């Protein structure tokens, strides 16, 4: 935990300091919205491998990390990108080719697991997944779980509700807490102390940040000291939950950042073809990521198209219908 | 659950319809802040008795309901009113005189119990209260809990963490869910459909409302249709969580309503003396509550003093220092 | 007025929605059905996106549940835990209706949206449960929304992601799943229900111009078509609203 | 410069706070201590009210933790669950220091803020745990803040609301309480610590003009005063800031 009052550092410093080989990580966002893509690209750039990722529905960030060979294990609920990829493309190929190990949960269960981590408890209960293969089939077998003490000792546990007035009581499923080594989220605004404000839906980002041992916030804008205290109800993370703040305009590109810019439809349509072929994907990584920094990447991948995706201040997205 | 689109009714209708004898209730707010006092007074006015109340730290609302003899059982974490009453005064006397049964929990535990109710699970885990009398001493004994099936079957249960890698594992405390028959909260704003916005701290109000079978929202202001959709991030309750909306300016008086008015120091200083003597308290109830409606109560209890407690729009409270 | 299989499918699902319903939907056709219901049959129903937006303005069609378009003029934003808690909570859960798709369905309405093969030797991989399993466990009478093909309607699933009626009328009880199983499968050829006793899928209604026996041929298990009745054509007014109000840019209907 | 017992007590507690600390405090003297610490000793410490406000502007002194005065210009608002989760969560919990009062304390620093008598025949009733038990379970090295009287410092509690060291150096472990016990008791006469081995309270420091034996006389159990050293007088600068910046209206100090 960084308790200093100026946490602003560069992207390469933040990733280099907190994301190391074999780390367990989680990233914020949901499918094509507010993934911390610049940070994802920096992980790829720094060639950090053998990462374990926890995700509910991280589309694009998850897929690029997998495609670039950074991920060895994934605990997920959903790997899709809406209309652009019913199933994330690299994820699909790497699953079939056994290049990643996958453990499946439901969206609620992953959300509860992050919340358990945030709350500091070892598990939370739910009725979800009783009678399904999500309970029965384990991606990480008991032996692996025994050896690797960073994994939860069991995928999930069915127990009887001890408060039930019937015997036998109803059953509940306990899902184990997640405490990632690092969580990276992309927010619209943060200040130098780490106080963070997201606009629009926050998904699971708040619990993911609280659950992690270290949290990196990349943001569109750094607020002046005290500025965020004008409306505390809109700030989701207190300073003491955040270890590093990185100023990164367009840090979620090509995914959307509500109120700032939209997802880039052209990029996603292009990515679909690239991702379907590993050699094309490798060239993409080499040319677009490894030989650029963040602003060069934006320039190369979007260029003047950036004006097309800027958000309309009224709606928070780039108005398709107005542009016709 | 009321799924209609116009839920605005009168205070007496709302209380008469949802709060009945023997009901299990909870009220929003915290000590001297945003208690639904007008609704509390209406419960007293309608002479609804033998209520079971769940509270974390409801100061004034709890104390008046107890003083007026409406409560038979209370599950609480804290009954105090800050500087005005380290221990709530009627609560103290009625406890000693065995007029109410009390079950003690911690603040976190009561908050978790409401959250469990909101989440639809039978319990939530915590490490709080291990080794204390909060676990060992039960206000409602096992026999009573067996007979009265509206009570939780046990006060709390200690279990071993089934995910622990040591044997025996660490212990956790499971606290049982609360699903009140009715929760009443006071908000700054709601619209006719029930969408509700609280300004300032929300305490446990959101979970209390979600956990209840019926929720009544009293509010300072009714918003126009669609108005609250201008900033969804500031709305805490969706319409389908709310059964009745009651328009009640000064509905939290004498407690504070952030951004609208402050708590009334003069009232609280006076109440301290009144509440210390049951016969004086009985006269207060008769004169100030039973023979008034809400606006007459405000007029009688505060009168022109109301201008003194109106909130400064900048700070959200009535500036003491400026008034000197 | 001509109409496409997608259009009649969307309208058939939309007709299932009632005014009191809170409709949990994904994007694509299932969202169109929810939006069409609001415009045509159930103006007081509430659309709730799994990503956490309630009663969104929907000035433009979103292309993913987390699209910024679901955030504009919503009534509420919820975290993921809050969203699914509304389903698990019985007070609100009883009014929620999910519209869910999947990669595969079996005769009891169980769904696979995870994978084909064995779990440690994946042959085909799909996106995973997302919220489908949660919805199927918490909410009674969901609407399942799928196109009829032999690959999709199968005798046995490789992976049971979301429970339907499992294997008979008592198995949800035995698995201690509180909510009821699915009520209906809306397809591009007709509507299937589940037999009250056996909980097996049967053909309830088929669209105009469709031969029930053709449905049987495209379903990979025996399906009772003896009780099936024809569904009438969509009305011009319904089609007009669907086309003009729910997807004027033809992003999904085409 | 003259000073009152309350003033030296507040300053003694304030001195315990370090820059990295997140101070969980109630209202009254414990809040003054937290505010004084920020003004004098630990400008980078963070004040966190149990009601959910973090780093409040505190333009005026609040009279209760839920006072609107804690909401003005706060950095964050938390729900109660979020607030206490920050304590239970080890990442944030290790930097939290609670300042807690109680109705009674025993030699091991266990606290009673619930009642006197037997639990079904209450003789005296207090407000209850509030967050004190939670803080005592989750957070190591809390500061306990109490005036010395025979009624308050007792051999045995009627009700153990908040665990101190329970009854020896192993009992927190045996009860599986992860965090350490309390570090210090700040009173109006001096500061008590807990013996490393026995975990019994001993007098560590006494204020100028106080006789350690007078403290023993006012404490309802044997307390080791042999190790006690005198504390120096508060500096004029400290008193000046305390009076002018933390409670200029003398709402609490008087």
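Note that the chains are named A, B, C and D in the order they appear, and that numbering of residues resets to 1 at the start of each chain.
Keep in mind that, in the parts below, a contact is a pair of C-beta atoms (placed from the backbone, for glycine too) under 8 Å apart; a residue touches a chain by one contact, two chains touch by 3 or more.
No experiment lies behind these values; they were computed from the predicted model shown.
Novice: Between chain pairs B-D and A-D, which one is joined by a greater number of C-beta pairs in contact?
Specialist: Spelling it out, more C-beta pairs touch across B-D than across the other pair.
Novice: Any idea how many Å lie between the Cα centroids of subunit B and subunit D?
Specialist: 27
Novice: Using CA atom averages as chain centres, what separation in Å is found between subunit B and subunit C?
Specialist: 40
Novice: Determine the centre-to-centre distance between subunit A and subunit B, using the mean Cα coordinates as centres, and give it in whole Å.
Specialist: Distance between chain centres: 37 Å.
Novice: If I count partner chains per residue in subunit A, which residues reach a count of at least 2?
Specialist: Within subunit A, residues 120-121, 126-127, 170, 200, 233 contact more than one other chain.
Novice: Taking each residue of subunit C in turn, which ones touch at least two of the other chains?
Specialist: In subunit C, the residues touching two or more other chains are 53, 71, 77-78, 81, 88, 138.
Novice: Would you identify the shape of the chain contact graph, picking one of line, ring, star, complete or other?
Specialist: other
Novice: According to the definition already given, which pairs of chains are in contact?
Specialist: Between chains, contact exists in these pairs: A-B, A-C, A-D, B-C, B-D.
Novice: Quick check: in the complex, which residue numbers of subunit B touch subunit A?
Specialist: Spelled out, the residues of subunit B in touch with subunit A are 120-127, 149, 152-154, 157, 159, 161-165, 170, 172, 174, 176-177, 199-200, 233-234.
Novice: Mind listing the subunit B positions that touch subunit C in their complex?
Specialist: Touch residues, subunit B against subunit C: 1, 3, 5, 117-121, 179, 193, 195, 210-213, 226, 228-230, 232-233, 235-241.
Novice: Which residues, counting only subunit D, touch subunit A once they are in their complex?
Specialist: 19-20, 22, 44, 46, 53-55, 57, 71, 73-78, 81, 85-95, 138
Novice: Could you please specify the touching residues of subunit B with respect to subunit D in the complex?
Specialist: 29-34, 56-57, 59, 76-84, 86-88, 91-92, 95-96, 98, 102, 104-109, 111-112, 115, 126-134, 137-139, 170-171, 200-204, 206-207, 256, 258-259, 262-263, 311, 315-317, 319-321, 324
Novice: Could you pull out which subunit C residues touch subunit A in their complex?
Specialist: Those residues of subunit C that touch subunit A are 27-28, 50-53, 59-60, 62-72, 77-81, 84, 88, 114-115, 119-134, 137-138, 159-163, 166, 171-172, 175-178, 249.
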